[in-house]
Amino acid sequence: MGSVGAKDVPVLMSPDGKRIDGRRADELRPLAITAGALKQADGSAFVEWGANKVMAAVYGPREVHPRHLQQNNKAIVQCRYNMAAFSVDERKRPGLDRRSQEISKVIAEAFESVIFVEEFPRTSIDVYIEVLQANAGTRCAGLVAASVALADAGIPMVDLVPAVAVGKVADSIVLDLKKEEDNYGSADLPMALVPQSGRLVLLQMEGHMTRDELHRALDLGVAGCRKIYDVMRQALLDKYRADGPAPGVAA
Amino acid sequence: MSEEVAAEILTTHILDLARSGRRLDGRGLDDYRKSSVVPGFVASADGSALARIGETAVLCGIKLEPGKPYPDTPNAGTLTTNAELVPLSSPMFEPGPPHPRAIEVSRVVDRAIRAAETIDLTKLCVTSGEKCWTCYVDMHVLDHSGNIIDTASLAALGALAHTTMPNVRFGVAEADAPLAIQHYPVECTFARLGEAIVIDPSVEEEGAANGRLTIATDEAGNVVAMQKGLIGAFSPDDVKSLVDRAFRHGDRQRRLAKDA
Amino acid sequence: MGSVGAKDVPVLMSPDGKRIDGRRADELRPLAITAGALKQADGSAFVEWGANKVMAAVYGPREVHPRHLQQNNKAIVQCRYNMAAFSVDERKRPGLDRRSQEISKVIAEAFESVIFVEEFPRTSIDVYIEVLQANAGTRCAGLVAASVALADAGIPMVDLVPAVAVGKVADSIVLDLKKEEDNYGSADLPMALVPQSGRLVLLQMEGHMTRDELHRALDLGVAGCRKIYDVMRQALLDKYRADGPAPGVAA
Amino acid sequence: MSEEVAAEILTTHILDLARSGRRLDGRGLDDYRKSSVVPGFVASADGSALARIGETAVLCGIKLEPGKPYPDTPNAGTLTTNAELVPLSSPMFEPGPPHPRAIEVSRVVDRAIRAAETIDLTKLCVTSGEKCWTCYVDMHVLDHSGNIIDTASLAALGALAHTTMPNVRFGVAEADAPLAIQHYPVECTFARLGEAIVIDPSVEEEGAANGRLTIATDEAGNVVAMQKGLIGAFSPDDVKSLVDRAFRHGDRQRRLAKDA
Amino acid sequence: MSEEVAAEILTTHILDLARSGRRLDGRGLDDYRKSSVVPGFVASADGSALARIGETAVLCGIKLEPGKPYPDTPNAGTLTTNAELVPLSSPMFEPGPPHPRAIEVSRVVDRAIRAAETIDLTKLCVTSGEKCWTCYVDMHVLDHSGNIIDTASLAALGALAHTTMPNVRFGVAEADAPLAIQHYPVECTFARLGEAIVIDPSVEEEGAANGRLTIATDEAGNVVAMQKGLIGAFSPDDVKSLVDRAFRHGDRQRRLAKDA
Amino acid sequence: MGSVGAKDVPVLMSPDGKRIDGRRADELRPLAITAGALKQADGSAFVEWGANKVMAAVYGPREVHPRHLQQNNKAIVQCRYNMAAFSVDERKRPGLDRRSQEISKVIAEAFESVIFVEEFPRTSIDVYIEVLQANAGTRCAGLVAASVALADAGIPMVDLVPAVAVGKVADSIVLDLKKEEDNYGSADLPMALVPQSGRLVLLQMEGHMTRDELHRALDLGVAGCRKIYDVMRQALLDKYRADGPAPGVAA
C-alpha cells in the first residue's frame, strides 16, 4: 500500500499465475501452531506462519487493572498487540504506536464477540500478542495465536477464530499476502471468521476493489479461514492428546 | 434508576424498534441524517470545513508545511491525519493521551484518503529526497451525536477540496495554488441492531449496537477502505449488501464536500 | 511581546489615534455570542470575537475524575483550555502545552471564585474551551464563552464573568488587542470582572506600564468588561426567549 | 480530628488574626520576611544563587549552551525557564510530570525576566539566524514555607546577576565574560485574608487565602508582570494600592540579588 | 486462603527447605538449571538468540543502524541496551512505561557488556566524529520463571556472537561481516534464602529471597559487574565466596553462547 | 568508565602513590553533614562531600500514593533520586532518566533492608534525594544524606547506613572516587554497609577487577564506611545537642 513515489516495484504475478514465492492465488503460506508454548501464562500459543513468528499468551479471568474499567455484568477483554523492536527491517522503538493500538482494539473487539463474557463478571481476560518476526499478516497471525491461547487457557468461547488476509495483487485476488505483496499490492483485506456462525468478527480493508472483486475476496477469505481452523484444532488436539513435551518456546 | 439499568432499557427499546424497521429518531433503517459542509470555517488553516451529520459536528483544518520525504518514497510528500475527540464534544470523552477510539477514527479516515489517492502525493514533492510538503489533516470533533467516522471523513474531504497551497509564504513558488483533488472517498457507516442493520447510527444506536461496519467508496465504483468495529459480527452476505448500500449513499455525501 | 530581535515592526497607531484596524483606543472588536451551540454538552457557547473563534462547553456537576481530587465539602471546577492544531499560523502539536496549562489553571480559579461550589459537594464542574481560530485575546474569549456556557448549563453563579485584555501600544493604553498589537505592543493585561462585586477574578500582565498607565488600564478594562457583559446577557436572553433554532454550531 | 477539620480551624484562626491586623508568625500585614541570596552556590552551573525568604528556599542554576535562534527572532538568543517543585520541598508536592502549579511559577518568573528585559537577548546571538546561546534558568524549590514565586524569582535574578558566559568552553570567544544584566525585576506577592491583604504569605496563609496577587516591578518604576492566583478576587482599587506596596518593597529585595 | 497467606506459607516452606540444603524443584543449592541458546531465531534482526534457563525464556535481537558518535567519544560507535518485561511473560508484569525492574535488567546487562568490552566500540566508528554504527541490543522476555538477568544476559551474548554487520544495506562496505566479539561476560545470580545462598533462583525463590546478588565474570578471570538487588543484605565474606561460585559456573554458560 | 574512544586521559596516580587531588589511596574526600537542613520535611540532611552537594528529605510514615502499592503487613519505602538540571557539566533535562530510576530502586531496597517496616503497616516512607552539584559518588552521598534524614525523622532502623565507592585507578584500589577517577578509572564499586551487622545492603560494580582486587576493594570500602559512620553520628549528635541554629539550608 505504501508504494506512492516508491523506487522499484517487483513483479508480483508471473504470466502463469504464480506468485512471487511460487504460490497459487488461493494458497496459504506454511502454518505451524504450538499450543501451550509458555509456562507462566494461563494459556499460550506460538505461531510460525510464512516468515511470521508470533507468540500469544492469555491471563485471566482475573482482577481488572485499572480498576475503573471493571464491569459489573461481564468480563472485559483487553488486548495488547506489540511488535518487538527487532521484528521488522528498521528497528522499531519499543512501545505501542498508533497502528498497534488500533490493532489491539479491533482484536479485543473480535474476541469479546465470541467469549462468554457474562460468565465472569468483574474480571478481565487479558490477551497479549508479541510479534517477534514480521512478514505481513501479523494481525491475523496474532489473532490465530491468541485464539488458540484462549482455548489453551480454558476460556469458554463460541468457537475458535481463524483469520487471514486477502489481497489484490496485479489485478488478481489472492490469499494470505506476504510482505512484498502487501507493500506493492493494491488492496489488503484482513478478516477473522467465527466458523460456527459463518460471521466475521474482524474485517478491515485498504486499497482498491470493485464490488465484484470484494465479493470474491470475501469468499476466498472465508475458505482460507476454514483451512486455518483445521490447523488450529489440530494444534490443540496435539496438546491435549500428548500433554506431550513440556510446555516451552518451540525452538 | 442506576445508569446501567437505564442504558439496558434504552438498548432493549432500540432493538425492539429496529426489529419492526423503526428508529428512535423516527428515521427508516436506510435513512441518512441531514448533512452539511461549510468550507473555509477557519481562516488560520490552509483549508478547512465544518461538517455536520445530524447534530454531530466535526471541524477539520488543513495545514501545509515544508518537510522531508520518507527515505522509501523520495518523490512524494507526506500526509499526517489526526483526530481529536476532545472532552468538549461528549460526556464519554476524557482528557488525556489519545484514546484508541480517537486513533481508530484518524486511521480509518487516513486509510480512505490514502487508498483513494485523494491527493496525488507526488505533487507534494518539491525536491526529490530533499524537500516536500507535509499535509496535516487535523479533525476536531465538536459534538458527538453518533457516527464520528463519517462526519470526520466528510470534514476532511471538504477541507482538502478547499485547500490552498501556501507557496508564497514558504517561498516554494510565486503564487499560491489550490490543492488538486484526484478522488473523493466517502465513508458510510452501519450499525447492527439485532438482525437489522441501520445506516448512519446515532450515538444511542451505537450504544445498543452489536457491530459497526464502515465502508469507504470512491466516485469510480471502488471500495477503498473498510473497518468493522465494536463487539459483534457480520456475515459475508451482510457485508456484500452493505457495500451496495454504501455505494447508493456515497454520491450524495460526496457532492456535499465537493460542491460546498 | 515577542518582538526582541524581530524583523519588521508595523505601525500600530496612526497620528490621528486610529489603530491598525481603524479602531479607537477604547473600542472593542466585533463580538458575537451564541448560547447553546452544542447538543451533547450540558451547556455551551460559541464566541466569534474579532478574528477569534472559540467554543466552550460545560459538563456537570458530575462524578469527579480522577477520583482522588474529589472534595467532601464542595464541587471542584476543572478547566481545559485547548488550541486546535490549525488555530494558529504555524501548526500546533495537539495536546496542552505549558501556556495552555497555565491558562486552564487561572480560568478554573476564576470560575471557582464565582460558582456556588458548596451546593454540589463531591462533584466536578468541567469547563472545556476549544480555540478554533486564534487572534489575540483567546483566554478572554474562552472565559466569556465558558461563562455563558456555565449559565446555559444552569450552574448557579454570583454573576456572569466578562473578560477583556487591555494593552499598551505605541505609548497608548488601548482596549482589546488584536494579533499585531499583541505581538508588537509593549504590554498586555488580560482581566476578568465580576460586575456584581466590581472585583477581578482573573488578572495577568506582561510588559511595561508605569503606575499611572496601569491605573488607566484597569479602568479601561473594567469599562470594556461592562460592555461585554451586555452582549453576554443578550446571548442568553436570545437563547431563553426563542429556545429558537435547534442548538448546533453556528454556521 | 480529621485533616479537613484541622485545616478549617487554622483558616478561621488566620482570618480572625488578619481582621485585627495580626499574623500567625507575629508579622504585621506589610512585613516581608527576612530574605537572603547566596550567589555561586553551585559550581557546576554557569551562574547560581540560593535564595531564602523566611524558611522558603529556592536554588537557581543557570546554564548557557549553544543553540539556534527562533526563525522569527533571528538576532536573539533564547531563554528557557523551568521550575521544579520537587516532592522533597513540601508534603503537598508529588512526584510526576510538572504540575500546573510548577508551570505557573516558571511562567510567572519567565514573564518578569522577559518583560523587564533583564538580559539583552540580542547579545546572546552569535551568528544571525544560525547560532545563539540558549540560556536555561532552572529553579529548584528546596523548602516550601510559602511564597515560592517571590523566592524563585529572587533566586533567578541572583543567579543571572552572577553568571559567566562560558565562551571558552564552547569556542565562542577567547575569554569568558560576565552575563550583562540590564534590569532587575522583582516579584512581590500578596494574599487576601478576608478583607485584609498581607504581603509575602506563609504557606499557612496561602492555605487560608481568598486570592493571591503577584506584581513584578523594575528599578525604573515600571510594573512588568502581574499574576492573580488562587480562588478569590481583587478590586481595581486593591490592585492599585498593592502596586504601590510592591514598589515600596521592590528596592530592598532587588538589592539582595544585585549586591549579593 | 488469601493470596498473601499463600505467599507467606510458600516462603516459609522454601526457607525451611533451604535450611536443610534443599530446593522446591529438587535442585541442590549450587545447581544451575539446564540452559540453552538458539542463535538466529529471528531473521529480521542482524543477530538474535533465544536463551532459556529452565523455563525462563528471553529472546534478544540485535540491530545495527547508522548513527552519530557522542561528542566525547568521537571514535567509538554507540550501544543501546533495552529489556522489555512484556506482560505476556508473567502475571507480575503490567502494560505501561518501563518499570524500574525492566530498567534494572537492561542496565545490569548493559554494564556487563560494556565493562567486559564485549565488542570493540571503536570498530563501530565509520568516520571519526561524524558517522558510526549504533548497536541496539533488545531483550524481549517471553517467559519469566525466575532469574531474568542471567537469561537476558545469555541471550544478549548469544545474539551478539551471531551478528552480521549489515554493511551492504547501509552502503558502509562492499560486503557484510560478522561482528567481532572480544570478550564473553556471563552473569551469575544468587539469592539468599535465610542463611543459605542458592544459585540461579526460580521465580518462587525470588519471591522468598532476602537479597539477590548478580556477579558478571569474563573468560580472563575478571569480575566485570555486580548488582545487589531486593530487600536483604550480604556480608563481604558472602560476596567473596559468591564470586568464586560465579567463576565456577561462568565457563559452562559462556560456552552455550559462544558455541551455539 | 566512559573512556572508550575518548580524547585525553589525565594522569590519575603519581609515582609516589598520590591521587589526582593529592589524596592517598585510602583517603576520603572532605565530608560535612548537616542534619535537619529543611523546615517542611519530617527529616532532612544536607551533605557536602568533595565537590558533591546533596540534599535529602524524608516524609512519613504517611498514606501511600498511589494507593494500590499499599501493603497490609508493612510500610513500603519509596525513593526518588533526582539530579538538578544544573548539577552536571552539560545541562540535564528535568525528570528521572533510566540511571536515576535504577539508583532510586537500589537505594529504596537498601533502606527497606534496615527500617523496621513492620511497625507501620499500610504506610509509605518516602525518601527524596536531590543532587544539586555532582562530582562522582552521588548515589553514596545521597544514601548517606537520606540515612541521616531518616534518623532525623525518627524512623526506627537497625542502624545508620554509611556508603562509599571504591574504585580501581591505574591498577590501584582506591577509596572514594572523584569525577576524573570515575571517568577514566577502570572500576567503580559503590557499597552501603550496615555497621551493626557488617552486611552490605547496596552493592554495585562495573569495570575490571580480579578476584584478589575485589577482596581488597570490599575491605577498603567497609573500612571507609566505618569512618563515614562516625561523621553521620556526629551530625545527628550536633543536631540533638544544640537543637542549635534554626533548621535551614546550610549556606
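Order of writing sets the labels: A, B, C, D, E and F. Residues in every chain begin at 1.
The rule is simple: a residue touches a chain if its C-beta (ideal position, glycine included) is under 8 Å from a C-beta of that chain, and two chains touch if they have at least 3 such contacts.
This one's a predicted model, so the numbers in the text were calculated from it and none came from an experiment.
Colleague: What is the minimum number of touch steps required to go from chain D to chain E?
Modeller: Minimal hop count between chain D and chain E: 2.
Colleague: Spelling it out: a chain qualifies if it touches chain B and also touches chain D; which chains qualify?
Modeller: In this structure, the chains that contact chain D and also chain B are C.
Colleague: Superimpose the Cα trace of chain B on the Cα trace of chain E, which carries the same sequence, then give the rotation angle to the nearest 5°.
Modeller: 120
Colleague: Could you work out which pair in A-B, D-F or C-D copies the interface of A-E, where over half of the contact pairs coincide by residue number?
Modeller: It is D-F that repeats the A-E interface.
Colleague: Which integer distance in Å separates the CA centroid of chain B from that of chain C?
Modeller: Chain centroid spacing, chain B to chain C, equals 31 Å.
Colleague: What is the distance in Å between the mean C-alpha positions of chain E and chain F?
Modeller: From the centre of chain E to the centre of chain F is 26 Å.
Colleague: Residues of chain E that contact two or more other chains, please.
Modeller: 98
Colleague: Hey, what residues on chain C touch two or more of the other chains?
Modeller: Where chain C is concerned, no single residue meets two or more other chains.
Colleague: Examine which chains touch each other and state the graph shape they make (line, ring, star, complete, other).
Modeller: Per interface graph, the chains form a ring.
Colleague: From the touch relation defined up front, give the order of chains around the ring, starting at chain A and going on to chain E.
Modeller: Order round the ring from chain A, first step to chain E: A, E, F, D, C, B.
Colleague: Sort out for me which residues of chain E touch chain F in the complex.
Modeller: Answer in residue numbers: 4, 69, 72-76, 98, 100-101, 103-104, 106-107, 111, 114-115, 117, 121-122, 125, 211, 213, 221-236, 238-240, 243-244, 247.
Colleague: So in the complex, which bits of chain F are touching chain E?
Modeller: My answer: residues 1-2, 4-7, 72-73, 98-99, 101-102, 104-106, 109, 112-113, 187, 189, 194, 197-211, 214-215, 218-219, 222.
Colleague: Where on chain F does chain D make contact in their complex?
Modeller: Interface residues on chain F, with respect to chain D: 38-41, 51, 53, 55-57, 59, 62, 65, 80, 82, 84-91, 94, 126, 128-130, 132-135, 246-249, 251.
Colleague: Under the stated contact criterion, what part of chain D meets chain F in this complex?
Modeller: Chain D reaches chain F through residues 36, 38, 41-45, 48, 50, 52, 55, 57, 59, 61-63, 65, 82, 84, 86-91, 94-95, 98, 136, 138, 140, 142-145, 203.
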